[in-house]
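In the two complexes below, chain A is the common chain; its partner is chain B in one and chain C in the other.
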Partner chain A sequence: MSAFFLFFMTMVFYVIVFWIASLGLDLVWSRTGIPLFAYYLYVAVGAYLTGLFSLPHVPLQNGVGNLFGFNLPGLLALPLAAVVTGLFAMFVGAVFMRRLRTDYLAVVMVAVALVIWDFSQNDITLVSGNTGLTNIPLPLAGVLHININQWTYLYTGVAFVWALALWWIMKTVSNSPTGRVFRAIRDDSVVAATIGKNVYRYQILSMGIGGFYAAIAGGFLAQLATSWNPSSWAPFEVFNVFTMVIVGGVGSNLGMLVGAALLQVLFIQGPTYVASNYLHSPTFETLAAAAIGVLMWLSLWFRPQGAVPERLKSTAWYLGREPALQETINPDLTVEERA
Partner chain B sequence: MHLFWIDFGTGLATAAVVALAATGLTLQFGITNYINFAYGDFMGLGALLTFALNNQAFHLNFWIAAPIAAILVGVFAVIANQLLLAPFARRFSNPALTMIVTFGLSLFMANVATVIWTGNTLFFRMPISVDKKVGPFLWSPDVMIVMGFAVLVMVMIHLLLKTTRLGKMMRALSDNTSLALTSGIDVRQITNVTWFMSGLLAGLGGIALAVEEANLTVTSAESYLFVIFAAVILGGIGSVYGAMLGALAIGLLTETAPLYINAGYKLDVGFFIVIVLLLFRPQGLVPRLGRS
Partner chain C sequence: MTTQPTTPILSTRELRKSFLGVTAVNGATFDVPRNLITALIGPNGAGKTTVVSLISGQIKADSGQVTIDGADVSGWPAHRISQQGLMRTFQLSRELGGMTVLENLMVSARRQTGENLVNVFLRPGAVKKEEAALAARALEILNRYGLYHLRDSRAQALSGGQKKLLEISRAVIADPKILLLDEPMAGVNPALIEKIGEYIIDLRDGGMSILMIEHNLGIVEKICDNVVVLAEGRTLATGKMSELRENEDVVRAYLGEVINADNGR
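On to the complex of A and B.
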């Protein structure tokens, strides 16, 4: 029982973590209309920072070491890393959103992620190159004297509490005046600018919040694996998160949970478990990864609004007087060309 | 100085590879106006099909297998466009969605290729060619053939675009789709021809890359995708001659860069050029007249 149960809890952990990750991408991409192809970069930055903040100081020796070494408790390192990553995301946004249209922005974002990925492989002073960060402490494990399996169960609960809080925050932000400005920018940035909203500033704010969510997800991934290095991530993995958003339903908070669960259970963690325990060959896993592409095409073609569609909201709905309208929003409108 | 000229020669060889691939990418971008992230996998497919014909099935001579593989990639590009990319591009006006679809195609092709050809390093079955000194440069005969072939292809593309009716139609379509439609050009047919040429050039570029590097893996071409973007953007997106010039510049820059910086950052020179150019000069160094 216990091996399968451990796998099951790990899978639940991944579902929760990717729910958080897709909530962030959903805000930036489907609610503000920015094609943030560098999203996985923020996941990685969050993971690295969580590790760097919670590891003790190690002097640099043979290319392995840790310049920082704040030795913070893991539970504190995670939100701190997320705040720093959010600021980093706002900085990146401020530099690139200033001048670029959607398709060029997408290309530049991938290029930025690739440059930083190469940097993380080659630079040995900051993040130890290909060795990466190892022995990232398990938060709470030392205090409670529990083994790694018990810790996984416990930390899945911690991640779930985080996810519920972040879900509630996303819901609140989405229904707030700021959230309405985000959607207005997505639907037509010129109109949003005409009614006096500073489109650029709101886009940067959206990127910052997205970066925070990505970093929380990344921090959890690094803590579960207790290590983080350039082979733990690739810039192109952002496609999986995009697929979760599209399959779940752009602009829908609960849809993100559906998308994350579907991909993690059926296409990523599930096949990995089956391949390593029953088939003893990685082929099945690779085919499942290829199938994610097919899933995305089919989902976008036959159900572009996703599993849980975003609902149009009227003014009366915001005032609590009537239920949301049932019409769904065409995802084709989700990203509007910047003037 | 001696080392510089050897790297300069390697740069010319890389420029030949990038020129083949960049021309194909820019031709396709000129008519579709979205960026194909699966282009690196088209290149990889060319090299892998050559490997299959050369080592696995038929055991053809490399120089016979290569053109067959490139033509197959061209056919594959037409089919991929007809079945997948064109329907999505027609239905969703938003280019970011079409880009995500091409992203999916890239993921799909890379993973299926890994299943078929494994993740190991593969080698073509061809005589080992020893580097020869040519002036200050150091090239193997195979690389010299690839470079000569690339120049020949560039001249042929020039002649096709400038002297034939087909080339004129392709240029017209690239400049203004609705005007081309009103003057009676069969847009669908020209689009197919363009995708075929794009795939063909991608295949040739991928094969040339494998010859230059003397080996191939399923992902080796993918990492060159943004270097090819750099050449395309440097020359002005959609401009064929710009892409050729851009390829020359990018090839020389990436190969001589290791003399001055960590060799691990070789390809980042290309990525960096993409970022800086799109930020400050998105029309490229040689802007096309009459296009906004």
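On to the complex of A and C.
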């Protein structure tokens, strides 16, 4: 029972973390129209930085070591890493969005992510190559003197609080005039520029926010695993997040939770648990992972709007709080009556 | 009326643009006077749409100069030219398809407090208030152009004629000094053509300056104060429609052809 409960809470943790990750991708991709296939690069940067900020400095020795380490408390290392990753994402955006059309950008970003991933495997001077970062401290565990199980329950709660805050922020951004400009850019960036919006600036802003969200997710993943290495962010991982966004419903904040839950429970964590406890068959796990591709295809085919479709904002939504304004408009006066 | 001559709201000087060796615009030079409706006419492929895109910054000119209200905007990016007080519509309507009709207008309004995220979080009250007022203004414009009943529809669901009206509404909410219309009446039924003509005249009477591309010379004669003729990327002539009918170059290059086509109908 206790083993199952630990598995369950770990799964909830993953659902929460990937809710955060898909919120960020949804903003950049579905709401701003940038096909950011390098999204997992930001997850990885956030994870590495969270690790480095909370680890002590280990000088390079026998191929193991890290460039720097700040020994910061994990709860602080995480947001700090996310801010730095957000700035990094804005910088990358500023460089690549300057000249490239978004469809070329998609290809270039895939290449950039692959090159950096490959580099991270071979370079041992920065973050120990394939060994990666290990022994990333569990935040609060030392202070509160709790064991790993208790820590998992506690930190799932911490992640949930983060997720709620990030969900509220994303909701506020997407409901705002700024979010409307993002959607205008997604629908037609030429029109957005024509009506006076600085498309480049908004694209960079969107990438920055997306990078922040990706990094929070990455930091949580690294802290839960107490490690981060190239196999933690294999190139295909990003497609899981894309699938969560598609299955959940592009442009829908709650849809992202549904997408993350569906994939983690039915296709990732669930099968892993079943495979290791009952079937003892890694093949099953692999098949479940492969089924994600089928899920994406089925979803696009049968329900392209996703589980929770994007909700359009109605006139009533915009006027809701100012009922007096509704009277200034005569809804019955249509063009037919004017004629 | 002042006795002093006013500078044109818009002028182009020696605009040139070629695409992979095809010269689309080849020295277009003309002025658009204030507070009038100016027609930009010329045969298919004369470079009219390209000229409009060069003025509004969607396409970068190879050379030449564009002045808006006295400011040299040559080489500026589209959004800055727009902010200078210029709006345009597209020959093939470009609606923001995934957004509602109401939002298509709201997003187009100038200087919104909530377009800065700092304000979104630090001054939510001001942003909310501005949004409601903006929605009300957008609804009035939709009502004026007969789109009120479509306010909450996705813009991609609109018909061709409705999209033309949406493009005009979206430009109008920004209250531009100069409005460029690329064939606002193409593919629209005769009753709506009449209406759009009235809308354009109303905008001029409200103080706007307008440059519109139009093939139908009957409409040009009826609603335009001034005409610029473009042929092979060059300004062939400018003046009143009645004067241009006397101009042999113009008749040879364009009018003769169109008049014959009109008779053929």
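Going forward, the second predicted complex is superposed on the first by the 316 of 339 C-alpha atoms of A that agree within 3 Å, B and C clash if a C-alpha of one lies under 4 Å from a C-alpha of the other, contacts with A are read in each partner's own complex, and residues count from 1 in each chain.
We take it that contacts are C-beta pairs under 8 Å (C-beta built on N, C-alpha and C of every residue); 3 or more make two chains touch, one makes a residue touch a chain.
Being a predicted model, the structure only gives us computed values, none of them experimental.
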After the superposition on A, what does A:V110 contact: first (chain B), second (chain C), both or neither?
first
Looking at the overlay, what does A:A38 touch: chain B (first), chain C (second), both, or neither?
neither
After superposition on the shared chain, which partner residues are touched by A:A260: those of chain B (first), chain C (second), both, or neither?
neither
Should A:I292 be classified as contacting the first partner (chain B), the second (chain C), both, or neither?
first
In the overlay, answer first, second, both or neither for which of chain B and chain C A:A82 touches.
neither
Contacts of A:N198 with chain B and chain C, given as first, second, both or neither:
second
Overlap the chain B and chain C contact sets on chain A and report the shared residues.
331, 333-336
Note: in the complex, chain C contacts chain A through residues 56-58, 77-79, 82-83, 87-88, 94-100, 102-103, 106-108, 110, 112-117, 120-121, 124, 127-129, 131-136, 139-140, 143, 145-149, 151-152, 154, 170, 174, 191, 195
Can you list the chain A residues touching chain B in their complex?
35, 95-96, 99-100, 102-104, 106-108, 110-112, 114-115, 118-119, 121-122, 236, 239, 242-243, 246, 283, 286-287, 289-290, 292-294, 296-297, 300-301, 304, 331-336
Residues on chain A engaged by chain C in the complex (per definition of touch)
172-173, 176-178, 180-181, 183-184, 186-188, 190-199, 205, 312-315, 318-319, 321-322, 325, 328-331, 333-336, 338-339
The residues of chain B that touch chain A in their complex are 34-35, 37, 84, 87-88, 91-97, 99-101, 103-108, 110-112, 114-115, 226, 229, 262, 264-265, 267-268, 271-272, 274-275, 278-280, 282
